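Letters are used for the chains, namely A, B, C and D, taken in the order the chains are written, and counting of residues starts over at 1 for each.
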Amino acid sequence: MIVLFIGDIVGKTGRQAIRALLKPVKDQYEVEFTVANGENAAGGNGLTKEVAQELYGAGIDFLTMGNHVWDKRQIMDFIDREARLVRPANYPAGAPGQGYGFVRLHGFKVGILNLSGRVYLPALDDPFSGAVRLINLMRQESPLILVDFHAEATSEKIALGWFLDGKVSAVLGTHTHVQTADERILPQGTAYITDVGMTGPRDSVLGVKKEVVINRFLTQLPAKFDIAGGVMQLNAVLLDLDEETGKARRIERVQRFAE
Amino acid sequence: MIVLFIGDIVGKTGRQAIRALLKPVKDQYEVEFTVANGENAAGGNGLTKEVAQELYGAGIDFLTMGNHVWDKRQIMDFIDREARLVRPANYPAGAPGQGYGFVRLHGFKVGILNLSGRVYLPALDDPFSGAVRLINLMRQESPLILVDFHAEATSEKIALGWFLDGKVSAVLGTHTHVQTADERILPQGTAYITDVGMTGPRDSVLGVKKEVVINRFLTQLPAKFDIAGGVMQLNAVLLDLDEETGKARRIERVQRFAE
Amino acid sequence: MIVLFIGDIVGKTGRQAIRALLKPVKDQYEVEFTVANGENAAGGNGLTKEVAQELYGAGIDFLTMGNHVWDKRQIMDFIDREARLVRPANYPAGAPGQGYGFVRLHGFKVGILNLSGRVYLPALDDPFSGAVRLINLMRQESPLILVDFHAEATSEKIALGWFLDGKVSAVLGTHTHVQTADERILPQGTAYITDVGMTGPRDSVLGVKKEVVINRFLTQLPAKFDIAGGVMQLNAVLLDLDEETGKARRIERVQRFAE
Amino acid sequence: MIVLFIGDIVGKTGRQAIRALLKPVKDQYEVEFTVANGENAAGGNGLTKEVAQELYGAGIDFLTMGNHVWDKRQIMDFIDREARLVRPANYPAGAPGQGYGFVRLHGFKVGILNLSGRVYLPALDDPFSGAVRLINLMRQESPLILVDFHAEATSEKIALGWFLDGKVSAVLGTHTHVQTADERILPQGTAYITDVGMTGPRDSVLGVKKEVVINRFLTQLPAKFDIAGGVMQLNAVLLDLDEETGKARRIERVQRFAE
């Protein structure tokens, strides 16, 4: 099964990048299933129902989230009814939405698990022990499991990759908005990358206008984080997964740009 | 001028990687000047005089440091007398050592500036305004200036890259120990990468034995951070700089492995 | 000179506490000069022109701020014209407003210096070296100097107290919204307290409705931080300063409550 | 039942303070049960078997810990066999030691629960939901329950106090080493204080020599945190608890000094 996982889509420019760049990638690689991190898709922070629909309509099959999941409060109204959307599973019990989900795809089930790191991020439940518990449940449904680990610290991400090696198809990092060059298949068959990167304006700071962020570092004054325009960038990884064993055969970094 | 900049060298395995992998890279690319981040070179944290000598002897011309600079206290005894070694320049005035230095190379001078980020790192002086002040001084000597920006947050690193575009030859991130795939020449001629990566044991967590780090995340108990062995990895970037203008003509990621 | 320094005034309940409780305290102690931290006075975060006027009208002579100084953006429009208002002096040069100010009082000048800590707070300039530099300037005008050190960590606050002992009349901590019981005159004559406390609703969490904050800790979900009502509390310290030497003769904690 | 709870005992000076100042306090108030936070009792960080014995011998009946619990590694060897010692209960399952314990006292059982906050502290399990679960267990044994909440942020401490009001006899904060002046009986009968304070050298920064800490803030260089000498200070709170209901009748701050 050929899966494309797209890094954090940022604002309008990110959605334009999806419209301009996703179809050619899917065609080129004969992608069967497309997942994207959508935590910044609406105006740079959070997700609305309209933006989610727009992304599904543009060819994304499933959305994951991260620390910005609740930034648009209206997500609380629709997240429970949206089967193609997960938020970090390690929120305390009772949080709106679900931490993992499944999709049926020509006879197979693919599970998607979203987890948040805790280093430099909110004090959610332990993603390590939580991952074990949830993956044990998920594997009763299917060995095809994708993990979006939304985390800041490289140590936490790499450690979780090793920890889940052989238990899931892929551990894919998100959140830093910069694609890393350490993609590989770990020894027990799990595809791993520390960060998939960002889909949005290339000439920016994580999607935000660079002048705004530079000025913020210089002055320490608050600033409105406007999303930049200009060259659009799509960051993703391509996975080839064995449907029977759930193991990864290939992980490849994808970067596409458009004016 | 062909410059090789090597990401954080971690412990004995990192030094073995330098011995096994550096010379072939230098030969292949006809490297003229080699810089490495050495903050983890001695036992995983800090730098001793012996380890510095070992690295100079193995073909490294200049060393930069980071938040682990003082982990081996004896560095305070030799850092002031070692011209080929810099520590973050934004330590408060009076700190041992120097924040930037120069090397003469067949008729040209190359400046090396070391800065530390402040996001999730100690409260040093502002690296943004500090960079401007120091680079103005350095440019009176030479337009060839390499900046090692040792920082955690991708936002801070990318912002400094844009901020210094056109003022220095390269802004090269270190500290996360994971090479990023965003290397490029910015519009005004500065080579940029968010993180050069790590030189040390590949099958590890930032150089440390993976079982130790996983256990630490699971138990939150203290642990001895032993450096892993196994496959050695060298992470670096290759730069081609215009000696007259100081602008970068090329930046290329380098990854080498050896059993 | 009898000075009253009032801890962070929080929202409407805090302003009601000032109206109900300040005058009796001033009368009882024959207070000559009243300073208050106003960073939370408008709706719990920030300060508006109207709220500042209300506080001046209610008997407060001077306002200090903290990390919430810019929460109401309109302060940027009036802070430069308001001589009775200071914000942390260790913002980078060029920030709106001033970090210290003076007031004339029956033949004497009193200086007020506002500083922000950096532990668990934004990366402003070093408050320690900054304090020395600014206090040297201020002492050319008067030995009567009050320092509001707005900081989180007890270590940073106590260290600055010792560091400034004998150089200023008082180092008064703010920001944690809980009054500490360590008020004293340090050996060189500086009055010190780690935190003056909070002026606002007593049965709350730092001024916010307790149910809201408990729920936030339990769920890690975002919440609207409504200011609590109920019993009003005034937290302050009373200082008796020697006008000639600037040294403190007395520091006394003040707590008043009203239904 | 008259209970004395003593704030973090720091190093040798703290133990001297116990020897010099504890007995008179116990005699004066006819104290029946004495608990102390011992996380800094051995050399400023951690606890050894010898130091624990010394403290039991000096009249302390029970010890609680905090984020420094594992600083002396040898505690791992004896903590499981020491019934009068608890460490934060919200360490992940499997950690050495126990998070709560009971003591029999003339016909009654007193429970002691230790919890750690998570704001600016390691990512342990949620102390809020953990407290409810453990207190439900403990209340099957006795309504007399003391909680040492070892935490940094005033918001987290106050919120837990309100959250546990009526469920335990007392919520007593430790960790900041500065006694707060907000002791009170909450409406449902739980005694509360944000921080009990520190038992150790008065003229210090949290127990450490003040010159060392000031220098560290000025230089950002590492330093050896030697424990100060000089005037000894004991910080504690006195509780009067109803043995039948577990409710608090009184909470009183205690501060004693000796040359």
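Rule of thumb we're sticking to: a contact is a pair of C-beta atoms (placed from the backbone, for glycine too) under 8 Å apart; a residue touches a chain by one contact, two chains touch by 3 or more.
As the structure is a prediction and not an experimental result, all values here were calculated from the model.
S.K.: If you match contact pairs by residue number, which of A-C, A-D or A-B shares over half of them with B-D?
M.R.: A-C
S.K.: Same or different: do the copies chain A and chain C touch each other through matching residue numbers, with over half of them shared?
M.R.: Same: when the shared numbers are divided by all numbers used, the fraction is over half.
S.K.: I'd like to verify one number: the distance from the centre of chain C to the centre of chain D, where each centre is the average of its C-alpha atoms, in whole angstrom.
M.R.: Here the centre of chain D sits 30 Å away from the centre of chain C.
S.K.: Report the inter-centroid distance (CA atoms only) between chain B and chain C in whole Å.
M.R.: Centre-to-centre distance between chain B and chain C: 43 Å.
S.K.: Touching at least two other chains at once: which residues of chain D meet that condition?
M.R.: Each of 92, 123, 126, 129, 218 in chain D touches at least two other chains.
S.K.: Sort the chain contact graph into one of these: line, ring, star, complete or other.
M.R.: complete
S.K.: Using the touch rule from the top, collect the residues of chain D that touch chain B in their complex.
M.R.: 70, 73, 91-92, 94-96, 122-124, 218-222
S.K.: Where on chain B is chain C touching in the complex?
M.R.: So the residues of chain B in touch with chain C come to 92, 118-119, 123, 125-126, 129.
S.K.: Going by the contact rule set out above, which residues of chain A touch chain B in the complex?
M.R.: Touching chain B: residues 120, 126, 128-129, 152-156, 158-160, 162-163, 176-182, 187, 194-195, 197, 203, 205-206, 210, 213-214, 217-218, 253, 255 of chain A.
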